[in-house]
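Order of writing sets the labels: A, B, C, D, E and F. Residues in every chain begin at 1.
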Amino acid sequence: MKPPKFEPSEEVLAGDTADIYFARTVEVLKREGLNPVATMEVFTHRAGIICGIEETKALLTRILPKDKREVWALAEGDTMEAKEVVLRFTAPYLSYGLYETAILGYLAHCSGWATAARECVEAAHGIPVISFGARHVHPAVAGVMDYSAVVGGCAGCSSIAGGKLAGIEAAGTMPHALILLMGDTVKATVAFDKHMPPEVPRISLVDTFKDEVEESLRVARALGKKLEGVRLDTPEERGRVTAELVKEVRAWLNLNGFKHIKIFVSGGVTPERIVYFRENGAPVDIFGVGSYISSAKPIDFKADIHEIEGKPISKRGRTPGITPNPRLKRIM
Amino acid sequence: MKPPKFEPSEEVLAGDTADIYFARTVEVLKREGLNPVATMEVFTHRAGIICGIEETKALLTRILPKDKREVWALAEGDTMEAKEVVLRFTAPYLSYGLYETAILGYLAHCSGWATAARECVEAAHGIPVISFGARHVHPAVAGVMDYSAVVGGCAGCSSIAGGKLAGIEAAGTMPHALILLMGDTVKATVAFDKHMPPEVPRISLVDTFKDEVEESLRVARALGKKLEGVRLDTPEERGRVTAELVKEVRAWLNLNGFKHIKIFVSGGVTPERIVYFRENGAPVDIFGVGSYISSAKPIDFKADIHEIEGKPISKRGRTPGITPNPRLKRIM
Amino acid sequence: MKPPKFEPSEEVLAGDTADIYFARTVEVLKREGLNPVATMEVFTHRAGIICGIEETKALLTRILPKDKREVWALAEGDTMEAKEVVLRFTAPYLSYGLYETAILGYLAHCSGWATAARECVEAAHGIPVISFGARHVHPAVAGVMDYSAVVGGCAGCSSIAGGKLAGIEAAGTMPHALILLMGDTVKATVAFDKHMPPEVPRISLVDTFKDEVEESLRVARALGKKLEGVRLDTPEERGRVTAELVKEVRAWLNLNGFKHIKIFVSGGVTPERIVYFRENGAPVDIFGVGSYISSAKPIDFKADIHEIEGKPISKRGRTPGITPNPRLKRIM
Amino acid sequence: MKPPKFEPSEEVLAGDTADIYFARTVEVLKREGLNPVATMEVFTHRAGIICGIEETKALLTRILPKDKREVWALAEGDTMEAKEVVLRFTAPYLSYGLYETAILGYLAHCSGWATAARECVEAAHGIPVISFGARHVHPAVAGVMDYSAVVGGCAGCSSIAGGKLAGIEAAGTMPHALILLMGDTVKATVAFDKHMPPEVPRISLVDTFKDEVEESLRVARALGKKLEGVRLDTPEERGRVTAELVKEVRAWLNLNGFKHIKIFVSGGVTPERIVYFRENGAPVDIFGVGSYISSAKPIDFKADIHEIEGKPISKRGRTPGITPNPRLKRIM
Amino acid sequence: MKPPKFEPSEEVLAGDTADIYFARTVEVLKREGLNPVATMEVFTHRAGIICGIEETKALLTRILPKDKREVWALAEGDTMEAKEVVLRFTAPYLSYGLYETAILGYLAHCSGWATAARECVEAAHGIPVISFGARHVHPAVAGVMDYSAVVGGCAGCSSIAGGKLAGIEAAGTMPHALILLMGDTVKATVAFDKHMPPEVPRISLVDTFKDEVEESLRVARALGKKLEGVRLDTPEERGRVTAELVKEVRAWLNLNGFKHIKIFVSGGVTPERIVYFRENGAPVDIFGVGSYISSAKPIDFKADIHEIEGKPISKRGRTPGITPNPRLKRIM
Amino acid sequence: MKPPKFEPSEEVLAGDTADIYFARTVEVLKREGLNPVATMEVFTHRAGIICGIEETKALLTRILPKDKREVWALAEGDTMEAKEVVLRFTAPYLSYGLYETAILGYLAHCSGWATAARECVEAAHGIPVISFGARHVHPAVAGVMDYSAVVGGCAGCSSIAGGKLAGIEAAGTMPHALILLMGDTVKATVAFDKHMPPEVPRISLVDTFKDEVEESLRVARALGKKLEGVRLDTPEERGRVTAELVKEVRAWLNLNGFKHIKIFVSGGVTPERIVYFRENGAPVDIFGVGSYISSAKPIDFKADIHEIEGKPISKRGRTPGITPNPRLKRIM
């Protein structure tokens, strides 16, 4: 995956998204005539996947003076250890003081999403996982959330914005709404097939009106070889998708000559559920994961000054001076 | 609090933040010449505080045809019951089909933040709670996160963008960076006092270099009556803020004639910690809450079609027809 | 309910079902010329519903000498306290020594079933409960198990033998086999209606081939007013019956004018599940309970000699002499 | 162990022990003129020991038409895996439809007992286990319960009927009643020795009136070499049998020259207790197990039609068609 | 109970039992010519019963200068709250600096014992509790441990030294050794009765050789009206004393006309066991408690200087100045 | 460590610390003219470190007749297994009957302390552990407690009496009192250095008034090379000592050229805390352990007669005769 071209927003550059005390700090220091070169280190207490580095880099490129900056970082998508320094930069404080909130925010939110995605991907042992949870986050971050999921290892994502950022085609099947509006699953699937360009995979959602097995066979008979898959999304009120249901659908499809049709499972999928499906031998071909990724808790990053004008320092609770980390690469 | 003037972003209006299958659904239906009037209902399984309604309303105003729409909703900040319908709208499907992802996203993320804020506020029994967690979220949502916290009952928030949306002045004290850069807490506090306009409250952060009691007395002696408060933010590595520490600081301040100085507590504050402080008699004057609010799990909302052209319908797992809810008010 | 006419089996009367050491004890005592009048008391450590008293009585009537016997007991279906004496009889030891195993067996097994039935009935708050678990027990006790369930409060039972013992008509709907063999639920239901006498209630099983809602509407349309109910028995592999499914079926039936059709729920029903259905507002009309009743653990009864020829005695661990219990009634 | 000659009872053959809906199904199908050849498969969700196959076979022999039947099964006493098919038969449905309840009942109850017995036997690591729990079950199944325990691995059983079915001599010691009636343990043991034929082992029960050690030495002195063992059955009210008590009795017996006398332990014995005795070095020679075996929960078997006239079929929740199982042997 | 006349030991007065750093502190201060009047406060984090105050008082009387001392304290045996100041004294520091270890030691150990005793006494609801645990503590504190138990509410104690301190006669029955050496419980009891003065109660220990019921009846028959009680002390290896055993002994004693004989229970008695006996209706007349009291964890007291020459002070973690406590009485 | 010269106290020799029933037993036996040679065995149910053997030996030397005694024991400080006999002695009963309470008391209390000390030492993996808990025990046992801790493996102890018994110099730093009275940590440390002989290590307590890091640097600068260490004893109210605090102090000391200064950690130290410090890489040089050792539960030892005049005997619950234990050494 090629890193996208991030651009910091006007609001960020203007300092509007900052905690107000940083604006005040910058003001006080300016009036005091103070602008020492200071080194900031960023770390977190939780191990995981680092994400948001690219967006941070785009911001630092804009704000740090070219001739007085030094930036060291892990790469987007690297694993990070608990307490490991993931980003270190040295520059005159006033060039970056206003942006601490934004930098931590990029890393916190994106790394939370990427880490959750990685947990799903690892649980899936090679079965592709698609990020499906854009509807759980504010649309202003829907794209960057899906991008983070792909950084974490997802094979695809459902939001158009996420696809653009990640440089891939967004993925999806069809919503219940289409079937409800067309009044029948077969009718909806046939219409979908008629109007969509050939590169869009035909995957029919088979739990809207009738039993999943019955619908699967109906759409299979209607589209034949053209049908790439069926999606099972049985709601919790109906006992959600079980390993046995997947096996049953598979058995009926095979019995009727539809071995080529894939089974896509969504609805409350988590790493535990993925393991459950695998351990119970359910022949799932693709997992769609929603809130486990998109509602993942942000990872709490902390930024601390460790050196001022070359002199080790720190607040209580931190160790003074540069924290060695050979895994960091200089990026600026 | 007067509701802010929200405007949907270009990206949302263009459908870019949507799940791609909605774009495809709209395409298929258009080509089939189908555009029935359909009623969508939105609900969630978790009780909480509804937020995001205003931003949703701003979007619906833009997209639903004025003469063919009916919108019913709870008000921003209302409590909502588990499984209660919080929003219902009726309009030709093609006018809104592309925006389901965005609408659910507004509600999910904002209600998650507002509900967490409310839990803190209720635990605090009248002691003001300030939202302090902008650094845990992507800057694109820092403002709307703080706005949601205020909707949930917070007395203030730290991000400038949040203050603007909520129509209040952003609140804050000073960061450790200022003190590290000035080299001493008293020096930093005096400089802050010198340069800040009078309406900015003087609250000194007293855990950077020295013991909290010693620093409190030093800054109190330096600023006297002008000092409004001290902030305790002892890091976990140093045992974080305890009820006894608050009492000890209070005792020494009082013993030295500084009864007017308030104590502001931050660092890992949650409803449980707030209850702990209250039950142990710690005289806290203000709580600063970070990740408990800003990292709150979004609330999973679901949108379902319940009526098409006046005919009750539903997918499996839902009850067909309009779900009665006398608490809904017609807003459009 | 009129107590049935029990008759001890030949095998019991011959002593074949006894533990062999009782046969040996009787032999030893006979050869020693010993046959004292001894009082036996029976109790258990678990509170519950006593059942098996009628069958015990039938045996005692046959074996105890009419002029030298005294029998005190609780009545069939009474509640019993932990450690309460539920049966006491006085007679020459040799008349009953061989039957201790059988008497305890009647009480243990039947009280276990009746107690479990009572738990379901109490959980159901007035909604009828039918015993449906004959298939979990050896056919030699299928009838007496269902009889015990009725003693415990069940409104009916499924085995023909149980119905006979309990003096009621056995109850049932139709098995999956009928539908599988007829190839379609509607066909099976129509045939059932055609051939069954009018007093047999028409209750269709609606989860064999298609979705429960769809099948319910299909059979309702086929039989109309003649259809008394539908039975939901969704297997665990398909998420078993949920409260929401019951509500959904009810809503669709009502929406189509079939308010008279009852909903019968079976499959893994336990007191906890019954409470779950009630607390979630599921409009269940009848519960069918299988293994919770029929696989209930027998209640461990103990029989001890407390008096020999009028002299208090007991083994270690028991209190010598008659244990007073005013609730006992003399029955012989 | 040679399989006993089972004969289905009249009640079973008459269909009286069936769930009434099977009688109705048979009636409906007959009137519809339907009698397809159908394949039934029986399986359970719990791993264990299969028992009841012999009794099932006896029934199938009587009811299935010789020229149109095919029966495959595991052997009595085989281990079975969770979800493994343990019995499969193909025949015209009307020949067996009425007997599904009975067949499942044989297997459920007997396999429950055999599986529990096996758990005890495995825990005992070679120390013989005797089934002692006839008094917890209805006498109509006392024999078949003990038979199942022997199938599960017990070295003996206490009921006469069980001994007959299992083709062994029933085993036992003496009840407390004999000692209470004779007034003294030594007197009772001497009388037992005097009157019993030589092949009956002399095992004295030593906890009725006096301390177990004292009684053991008294009966050892009275019978000397003729005494085969002592049985410890201390009731819970007296702290039940402990590992230390067994060791203490052994030490005193050895100290007095009675090394040949075995120690038999009963009373609340379970696999956990057996492990406890072994791990604490208690020299137990025989275990008597009561309710752990006889009150074991029946194992829930399910019977499903998987093929009709050679065509794969199944109800929802099952996989259509024959389930392959190479462990099955054709038995008819 | 009249407080005993405590005298500090030579070792304590010489400072030998002190932590060495107190000796060094006193030396340093002396050489510096410093001896300010300082106020020490003693408190603990656990609520309980304060004990050791009398012994502390005896020490303070010896060491504090009569004209320059002020001592405030709770009374021996008072309840104390968590964090409550239980002792406060003001005097020149050098007069008491060497004794902090000893003072905290008196209070810690004695309050631990008294608090545990109180828990037993409260659980017993009026049934006398005797402290029986001298064998678990070093003989140097056996007496003061038993004294503390009596302060906590025990009706008696077993050690002679404890009885002397508490001003009561030590209580006891007879050890297993006497019975083993005499070879028989009845013989031992008769000898005890023959040689002991009349004021010593005749309580026979009835679990050494034979069953408790049998021995109880044997000693009752041997001593008749002279027997005051029997003691049950069944070891854990024999299932320890159970509520049922107490009831059984009581029943047999009553049945034989020995209603006057009391039942004394010992062996692993704790508050939980006392509640168990009471709730199960066991007619216990006296409880003997050993390790629950004598092995109780000492209560951690802390001594802090809160005022020096009238000026509030404190170390970090404590509140400066006198802590108000109206429950304290001036005792010196 | 050379075993100290213990002498039994007058009170013990007079039998005052005995349970009164032993005095009565001796009296009864004397009057009966009975004084058989009896063998007593002592064991416990808990594994651990045996301590108190030396003090027991000192007592037995005084009381057992030289020509009629045989004593076998484990050595002071040996590990002991659960149920292992740790002491066995044979002598005329009247010579030792009165001292059973004292002997068990020595062993119980001392072994409890030694076992707890060993747990800390093992957790510390070679880092020295000092016993610091004299203030939690009655001063009459402060010395023997610290002696036991050294037997268990502690490198030192704080009480003067304990040091004497263990034959080592008592160890200590300085108390908070010294610093509070001198008004400043540096002043106190300088005075300490001025007045203490050179062999007393200079270890400054650095948490009284100011932040631990600040104080550490202040005292380091004041004493330079003469400062051996700093002690961290942060109270719970201030978050107690954390692994991070140790690291932080270490970093600042090193950064300022004070690598020779050791870090001593005290305050709530337990084996779990020691493991926590080690696992989190905290560079602790010495641990001071208080209540975990000094408040350890005494270990419950039991003494039983197993042989009288060469004849195996025992009370119920014990095995008659000598219990073989090849690890015992004859010591008298």
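Just so it is clear, a contact is a pair of C-beta atoms (placed from the backbone, for glycine too) under 8 Å apart; a residue touches a chain by one contact, two chains touch by 3 or more.
Quick caveat: nothing in here was measured; it's all calculated off a predicted structure.
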item: Partner chains shared by subunit B and subunit E (touch criterion as defined above); value: C, F
item: Set of chains adjacent to subunit D and to subunit F; value: A, E
item: Shared interface numbering between subunit D and subunit C [over half = same, under half = different]; value: same
item: Most remote chain, CA-based centroid, reference being subunit E; value: A
item: Rounded Å distance, subunit A centre to subunit D centre (Cα mean); value: 57
item: Inter-chain centre distance, subunit A versus subunit E - centres from mean C-alpha coordinates, in Å; value: 64
item: Residue list for subunit B, restricted to those that touch at least two other chains; value: 209, 211, 234, 236-238, 244, 248, 316-318
item: Touching pairs among all chains present in the structure; value: A-B, A-C, A-D, A-F, B-C, B-E, B-F, C-D, C-E, D-E, D-F, E-F
item: Touching residues on subunit A, where the partner in the complex is subunit C; value: 209-211, 214, 234, 236-240, 242, 244-245, 248
item: Parts of subunit C lying in touch with subunit E, wherever the complex brings them together; value: 312, 314, 316-321
item: Contact footprint of subunit E on subunit B as seen in their complex; value: 211, 213, 244, 247-248, 251-252, 255
item: In the complex with subunit D, residue positions of subunit C that touch it; value: 9, 11-12, 15-25, 27-29, 31-32, 34, 36, 38, 52, 93, 97, 100-102, 104-106, 108-110, 112, 132, 134-144, 158-161, 163-164, 170-182, 188, 191-192, 194-196, 200, 207-209, 234-238, 291, 294-295, 297-298, 300-301, 304-305, 308, 313-318
